[in-house]
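Each structure below is given as structure tokens.
Below are two complexes that have chain A in common, paired first with chain B and then with chain C.
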Partner chain A sequence: MTKTVLNGRLAFAAVMLVGLILPAVFERHMVDLLVYAGLYTIAGLGVGLLLGQCGIVNLAQALFYGIGAYASAYSTVTLGWSPWSGILLGIAISVAVALVIGFPLLRLHGFFLALATLAAGTIGTIFFFEWDWLTGGTLGIGGLPPLSVLGFEFNSPARFYYLVWAVVIILLVLSSNLVSGRPGLAMRALRDSAPAAEVMAVNIHAIRTKIFALSAGLGALAGSLFAHYSTYVSVESFTVQRSIVFLLIPVIAGARSIWGTVAGALFVTFVPELLSGFGDAHQMLFGIMLVLVVTLMPDGLAGIPARVARRFAR
Partner chain B sequence: MSLGKRIFFGAPALAMALIGASAAAEPVRIGALLSTTGGLAGLGIPQRDGVLLAQKLINANGGVGGEPLEILMEDDGSNPDAAMTKVNTLVHSQGVKAIVGPTGIAQTVAIGSVTQPLNIPVLAFTGIGPAVENARNCVFHMTPAQGLNARALLSYAKEIGAKRVGVLHDSGYGQVIWGVMSKLGDEFGVEFVQVEKFELSASDATAQAAKVKASEPDAVIVLSSLATPFRNLRQVGLTAPIISVHGTATYEIVKAMGDAADNIVHAEFLIAEDPLPYQVEFVAEFQKEYGRLPKHFEAAGYDAVMATVAALKRASSNAAPDALCQEVRTPYQGAFAQYDFTAKDLGGLTLSSFSYSLLTKGKFSRLPFKASQ
Partner chain C sequence: MNTVMTHAPVKSQPLMALRGVAHQFGGLVVLRDVSFTVSRGRIAGLIGPNGSGKTTLFNIASGFLRPANGQIFIDGRDITAASVQERSRQGLIRTFQTPKVFQHMSVRENIEMGLYATTGAGFLASMLATPGARGERARIRRDAQEVGERFGLGSHLNTRAGDLPAGQQRIVELARAYMTKPRVLLLDEPSSGLSSDEVELLRNWVRTLSNEGITVLLVSHDMGLMSVCDTVHALYFGKIIASGSMAAIQADPMVREAYLGG
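And then the complex of A and B:
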């Protein structure tokens, strides 16, 4: 084992240890924000896979996030299903929708594809508003049951924290494996030079569609978990603005970094909260901070350790 | 007196003074969760003004049983997710006794899942909403439910003999009220001849307004909190009476209506130009503090704090949440209206709570009509 690998594992173990004790140390409000950061990491991971590995800008993630949330809400509150069934239903519907809309949309490229996903997200928000027999419209759906395993309910921020971050770590490991394997090579090939990848017998359209469906599934999972955490869903949580937040996560983190997604999610969760004390000016300040991060850190927050290491190596 | 004697007599006195000061400085905390930014800011900001006025008056009159009242103000940005985060802060970190707000119905339903299990009283600026709220007996409602709003508007339409009614509503709260109103036509002898919807974000609803006008209605009911539909209805030349829900009965929205603001009837609660006897004191205090007239959103903010403090005084400032919740559950004469928090909808507003006003050059004047059950 090389020294670098050993240091990396020690750092990972230290982070895990700190993560384990955070709910005991932090106030409930902070734990609540960490839960949201975990949920946003899952949704942002999907957007990051598309952006960082395939070069696709996805502005429709709130659509899949919403499908997951509403599938969970409707199946548990109206149909009386178990929460876990609702989560699976949400993922299945989202993946199906992603395949149906992704097949034609993903033939587009660049700005046109970004605009097409924006349109899909906007249409989704309108459907959430209009189909009030299903979504509750403006009133939303309340009274979702908390998730539980063998009678143990995840009904507080501290309990939900451990659930959501366990899911986050599993997904990050799986995504890292995906990216470092053959599919990852193919994705990067099509991102860097689609014609060259095609010459190498990479089925560009199939890969883009599969990753889009995977991203949708992650969005739906995040939405379902969000629904059971907040026990209430309304259309205001699934607007295009939320899609932009999900896109910001990999942009801030450094789009090509899988584990950096966590830093991006922490940024979009905590910074607006810290700035909220400035009242109406807080959105402007958040915008300024975004510009600073993107301008001063082209590799995103995930690039900071490498920068620091380079500086010390001089 | 020698130095030793000074210390001997002075130290206990100083200690007592410090203890007294620290006890006096310990305030009674209430959370105010409002939408002062975002889409609902037009309602949340006036509510905040009413809340702050109540706090000032209470503290000027001895506080809550001698303890100062501290209101911890949080802005949810008109977003239910943010409301959840903020309410967790207020309840678990700040230890508030009760919460006034939220401004929006989505936020109210959302935070109820946090406050209800703890029996923390919430005095929300919304009417009772979806079925899940029926089981929440510590979430009180300071404004009318959708069904009551719909009935108040149709009562006036019936009063003026309008049988063919057009409806122009937005895709947000307007759609919610329309959902109830659409089932009440027969009860009030009204036919809805044209119903048009526009998006909340729309800057123009001329096409929808033209369709409503083309249906030649006896009156048009507008269900929105925006000035846009009123301007558009007048632009297409509508001369039929316009009846509006109370959401647009604010001086800011009326100003935004421009010339279109004339001859609009609002089913509302506080006509500050001609207040009811129980509203006179609030109107005078508000005008003295802010130099302008209040409307019912300011009154609701004021009432929510006053009703909470009245309950705190009855229950004692260190009462357990369920005891405080029980004390809120009583009739209360507010500046907005006479509440009955023992009612099934935990607000107790009725059709007779409404006043009807006519807009003339940006001023509201009281109409003699009163709706009855």
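And then the complex of A and C:
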């Protein structure tokens, strides 16, 4: 085992250890924010896979987040299904929707594709609002049951914290495997040069559609978990503004970094909270911080360790 | 000229054949009834002044453009309607006039992409890191290392391909193409931007690939590089006006008038 690998594993073990004790030392509100950071990591991971690996800007993630949340809410509250069935239903519907809209949309590129996903997300919000027989409209749907495994209910922020971050770690490992494997090579190849990737026999449209569907599935999973955590869902949670927050996560993190998504999610969750003491100026300050991160850190927050290592190596 | 003479001795039957290829952009005719064959393991060249239709012919041969008329055959099989990916799987690989390396990927990853068509780990197997996917990935890395070292890229394998100078990017592109185990290699202006030493290196590489049985179709303005060709076809206003050895082409009065300036 090389020194770098050993250091990496030790750092990972240290982070895990800190993560395990956080709910015991943090007050409830902070644990609540950590849960949201976990949920945002899952949704942001999907957007990040598209952006960092394939160069696709997705502004429709709140649509899939909403589909997951409403599928869980409707299937458990109205139909009386088990929460886990609702989660699977949400993922299945989101993947199906992604395949249907992705087939035509993903033939577009660059700004046109970004605008098309923005339009898809906007249409989704309108459907969530108008289909009140399904979504409850502005009143929403409340009374979702907590998730449980073998009778153990995840009915408090601390309990849900362990569930959501376990899911996050599993998804990060799976995503890392994906991008370091053969499909990851093809994704980055088509991002860098689509014609050359085609010559290497990459079916560009198929790869883009698959990763879009995977991203949608992650959005739906995050939405379902959110619904069971908050026990109430309404249309305000699934607007285009939410999609922009999901897009900010990989942008801040450094879009090509899978594990960096965590840093991006922590940023968009905690920084507005820390700035809230500045009253009306907090949104402006958040904007300034965002600009500073994007301009001063071209590799995002995930690039900081490498920068520090280079500085010490001099 | 429908069928052109081939002066070079024929190694075996034609591997690649273009028959009556014609194309136009709007009212502008860029290719007129172009036909020629390239035998297995031979090097054929295309020369012609700017605007003579070389790149259009290359784009048609590699599947980026459908011809208005005519057919393209690989090993007797009509691939005129085949996509770029299908042609790639048939062993027809091209490089580009401006090197198209995968800029943000390492040199190793660029070369690894050459095995994409002949490997199979999909999304699920890769995510779960199944033993099959891991074994295949290890083999891809090993093979890329070997090919990289063979092409003199051993010390650059972990370098970002976009950070290499243009000449080395061309070698990366060539190594990536070689990794696919091509049957037909289309090289579009491979010497542009290279120093004379690098052109000589490239010339040796083209000859080596031919000796390994790879059929090469080469477009270049570099007469030194074109001398590696067994047969050269001169294009002028979308029509082949002469075919033969480089020496014969250079001596051809029509070619001298049209291309070499008399």
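FYI, the second predicted complex is superposed on the first by the 314 of 314 C-alpha atoms of A that agree within 3 Å, B and C clash if a C-alpha of one lies under 4 Å from a C-alpha of the other, contacts with A are read in each partner's own complex, and residues count from 1 in each chain.
Please note the rule applied: a contact is a pair of C-beta atoms (placed from the backbone, for glycine too) under 8 Å apart; a residue touches a chain by one contact, two chains touch by 3 or more.
Computed from a predicted model, the values in this text were never measured in an experiment.
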item	value
Chain B versus chain C as contact partner of A:Glu27, first or second or both or neither	first
Partner chain in contact with A:Asp132 - chain B first, chain C second, else both or neither	first
Partner chain(s) touched by A:Asn7 [first = chain B, second = chain C, both, neither]	neither
First, second, both or neither for A:Lys210, with chain B first and chain C second	second
First, second, both or neither for A:Ala189, with chain B first and chain C second	second
Touching partner for A:Ala201 - first (chain B), second (chain C), both, neither	second
Which superposed partner A:Ser82 touches (first chain B, second chain C, both, neither)	neither
First, second, both or neither for A:Leu178, with chain B first and chain C second	second
Set intersection of chain A contacts, chain C complex versus chain B complex	none
Complex contacts: residues of chain B adjacent to chain A	36-37, 75, 77-81, 84-85, 88-89, 92-93, 105-106, 109-110, 112-113, 129-133, 171-173, 175-176, 179
Chain A - residues contacting chain C, complex	174-175, 177-178, 180-186, 188-189, 191-193, 195-203, 210, 214, 256
Parts of chain C lying in touch with chain A, wherever the complex brings them together	62, 64, 83-85, 88-89, 93-94, 96, 100-105, 109, 112-114, 116-117, 119-123, 125-129, 133, 136-137, 140, 173, 176, 180
Of all residues in chain A, those that touch chain B in their complex	27-29, 32-33, 36, 129-130, 132, 136-143, 157, 230-232, 234, 236-237, 273, 276, 279-280, 283
